[in-house]
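Encoded as structure tokens, here's the structure I'll be asking about.
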Amino acid sequence: MAAGRILVDQNVLDGYGHVSARHDRDPSRYLMTRSLAPELVTAADIMEYDLESNPVDARGRAMFIERFIHGEIYKGRPDVKAVVHCHSPSVIPFGVTGVPLRPLYHMSAFIWEGVPVFDIRDAMGGMTDMLVRSPAIGHALARTLGGRAVALMRGHGAVIVGASLPVAVFRSVYLEMNAKLQAQAMAQSANIRYLEPEEARRAEASIAGTLGRPWELWKRKALGK
Amino acid sequence: MAAGRILVDQNVLDGYGHVSARHDRDPSRYLMTRSLAPELVTAADIMEYDLESNPVDARGRAMFIERFIHGEIYKGRPDVKAVVHCHSPSVIPFGVTGVPLRPLYHMSAFIWEGVPVFDIRDAMGGMTDMLVRSPAIGHALARTLGGRAVALMRGHGAVIVGASLPVAVFRSVYLEMNAKLQAQAMAQSANIRYLEPEEARRAEASIAGTLGRPWELWKRKALGK
Amino acid sequence: MAAGRILVDQNVLDGYGHVSARHDRDPSRYLMTRSLAPELVTAADIMEYDLESNPVDARGRAMFIERFIHGEIYKGRPDVKAVVHCHSPSVIPFGVTGVPLRPLYHMSAFIWEGVPVFDIRDAMGGMTDMLVRSPAIGHALARTLGGRAVALMRGHGAVIVGASLPVAVFRSVYLEMNAKLQAQAMAQSANIRYLEPEEARRAEASIAGTLGRPWELWKRKALGK
Amino acid sequence: MAAGRILVDQNVLDGYGHVSARHDRDPSRYLMTRSLAPELVTAADIMEYDLESNPVDARGRAMFIERFIHGEIYKGRPDVKAVVHCHSPSVIPFGVTGVPLRPLYHMSAFIWEGVPVFDIRDAMGGMTDMLVRSPAIGHALARTLGGRAVALMRGHGAVIVGASLPVAVFRSVYLEMNAKLQAQAMAQSANIRYLEPEEARRAEASIAGTLGRPWELWKRKALGK
């Protein structure tokens, strides 16, 4: 799956994190690699899951503990065709400080509906190992995400969804970028002119039409390695 | 066109952004690639436009939505032979905070006349999709730029002009550098000794004579990949 | 020894720093390379030391001045099988400001017991050359470390221990990451939600089970160069 | 000359900056490449100068405008055998804010005598093009440097000297590192524990004995490209 390698190449994923896609013929299934660093993945590593995140044909392959992130989101969001879970570095500080991420860059307009923070301690009412290791936690995360594009996970990372793999990958790259730029802008001044919701909605629609351009580039760079 | 690849190699461009050059025999025309990531460009991708940004011979090739940035600047600035539009990361915070970019590094002396910020919301009197998608917006941006070397575009990026491709490319690289260094200096102290206009004017003139040195290096590195 | 190369590849070591492992059949001995940049090491460069840090069979090979860091820790910590000494950049500021490193990222949960700072000036009661060049200084450092995973060394770097080489390497990578993220979070806000000790203990245990995933990746990347 | 390539590889030099060495048999001469980006240099590009910075045998090769930095320092400092002039990014903010660089890292102990800032505007009593383009300016810079290891040049860069090429190169790398770490430490806290002069003197002496280790590594990496 090229998506994982692209995200490694773009510094969104490292040895951890995962990307999934809803099955294109059976919307009650999704595809994700076995538990493996994204850079090492080959076609034989792709597994199929139902929306309860049970493997269709495990053949002994190790599964990601946190596959419930994916299954629970697909269950409640028919519009979502791809999910990225990452530990993207610049977003982690926003998850622990409670400073809201807001779009200040037209490429990152897709966060105009806000970026909620899923705090597993509050959501599950106590101490956990921080991992989304059950359908219940996955469901709580999906509820925090709601109809939005992105949710942060406190002390952990983020989940990003999209209507296609390229959209979810694009959003993952430009979420990281917005977080980095917003941190720099906040260091310069308390007065930041963010995108207005109306600007963001329009920018998002326009930029959606150009996704093929970076996608081709990223794919070629990531797979050419 | 080597310029695009150099700017990718120097982290000024990514999958987005574009470089153009005025036609060297017909000043009422300019050259720019079809809509494509700069890294993927080959000679066959170069298109010719008139100053209204109409293609001379499109042959079905996709055009950049924002080609009007280029056409409208060439129209009003006979001295300009090359234009770069980029999303250079360190300049974006300056575009949204209103903190003025000022030269603190002799290599970046070319911004001594100031770096205006084009706010599309103010200029067009309302909400847009943030893109310079019409001659009218391009014209407004060109007016904000005036006779200067650089203008920022709020929440979007920058436009950089020059009397030649190497000059515009050099300025793009050292604009990013000045933004980065100014942000660091501002984090250290409120008292920054910037270049005086007279120092900057002289430094710019002296450094203009040395452009061949980095240009040869950048070209070799970018094309050797 | 792959560990050294992995840490260079992950930007934890540069031309300086060293990794050791306790001998797997004789716990009163440890293995470390001769004095050499980690990237240049081959099997022939590995030397054996007793817990006083005397070489078993030096054969004229140059030794690291600071080998006492390793020997003195192995002496007092039977649970420790591997030791990393590094100049990891993001942790150095924490060593000189006295700002405590705390886990804000589940991957870095292993520092939940706190990260003490070894100040050689205080510990040795006066001026030194900053190096752990004697058993006495090594012993003082081991005492500061106590039963914990990590100690910083003021104006110098850090020492990281683990129950295996992959654990010590993993901790070195994610110590640097936590330091970087904590500095960014502190720049954003004074209110940071760190991992609770109970969350951290559980997260550390869960993540311990996944170490093979990045280890395989890092090894392949570092050795594939 | 390997030194230039090493410094490019270590991000101290880019298309600009230069390294020189005093002639090893004739102390009244020094060697420096013709005006060329350091990465492109070959043996045929090395020129010889007297201490007035007149070329011994120019053969039409272009000279660096700022060669007087080198000649004037060699003239007054018989102990200096190598000089680096660079635009090392992290030091430039310190040159314009007046915040003193101080050693907080034992590898950077060599700045314990202080890092003066040469402000060409003050030194020359007025506006210049910021370049050390004459013996008089070079002499003023050498006076600011005095007997120290490093001087910053306001809005421009730095000059670093050493008793050998490896020393000057080592200092250039770890000057940049100290500047970066000090900026980070200052962002965290106003209370920074710097090295005491006595610690720094001793650390510098001890580390001097280990220079061969990074030098071998850097040379191999830079020349292996």
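Note that the chains take the letters A, B, C and D in the order they are written out, and that residue 1 is the start of every chain.
One rule holds for everything that comes next: a contact is a pair of C-beta atoms (placed from the backbone, for glycine too) under 8 Å apart; a residue touches a chain by one contact, two chains touch by 3 or more.
Keep in mind that this is a model prediction, so the values were computed, not measured.
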Intersection of contact sets, chain A vs chain B, gives none
Give the fewest steps needed to get from chain A to chain D, where each step moves from one chain to a chain it touches.
2
Could you classify the chain A-chain C contact as same or different, where same means more than half of all interface residue numbers appear on both copies?
different
Could you tell me which chain lies farthest from chain B when each chain's centre is the average position of its Cα atoms?
C
How many degrees of rotation bring the Cα atoms of chain B onto the matching Cα atoms of chain D, given to the nearest 5?
90
Can you give the whole-Å distance between the Cα centres of chain C and chain D?
32
Per the C-alpha centroid definition, the whole-Å distance linking chain B and chain C comes out as 45
At least two partner chains per residue is the criterion; list those residues in chain A.
187
Using the contact definition from the top, classify how the chains connect: line, ring, star, complete or other.
ring
Just spell out which pairs of chains touch, all of them.
A-B, A-C, B-D, C-D
Interface with chain C, chain A side, in the complex: residues 14-16, 35-37, 39-40, 65, 87, 89-90, 92-94, 96-99, 119, 121, 127-131, 133, 154-156, 183, 186-187
So in the complex, which bits of chain B are touching chain D?
103-107, 109, 177, 180-181, 184-185, 187-189, 191-196, 198-199, 202-203, 205-206, 210, 213-214, 216-218, 220-221
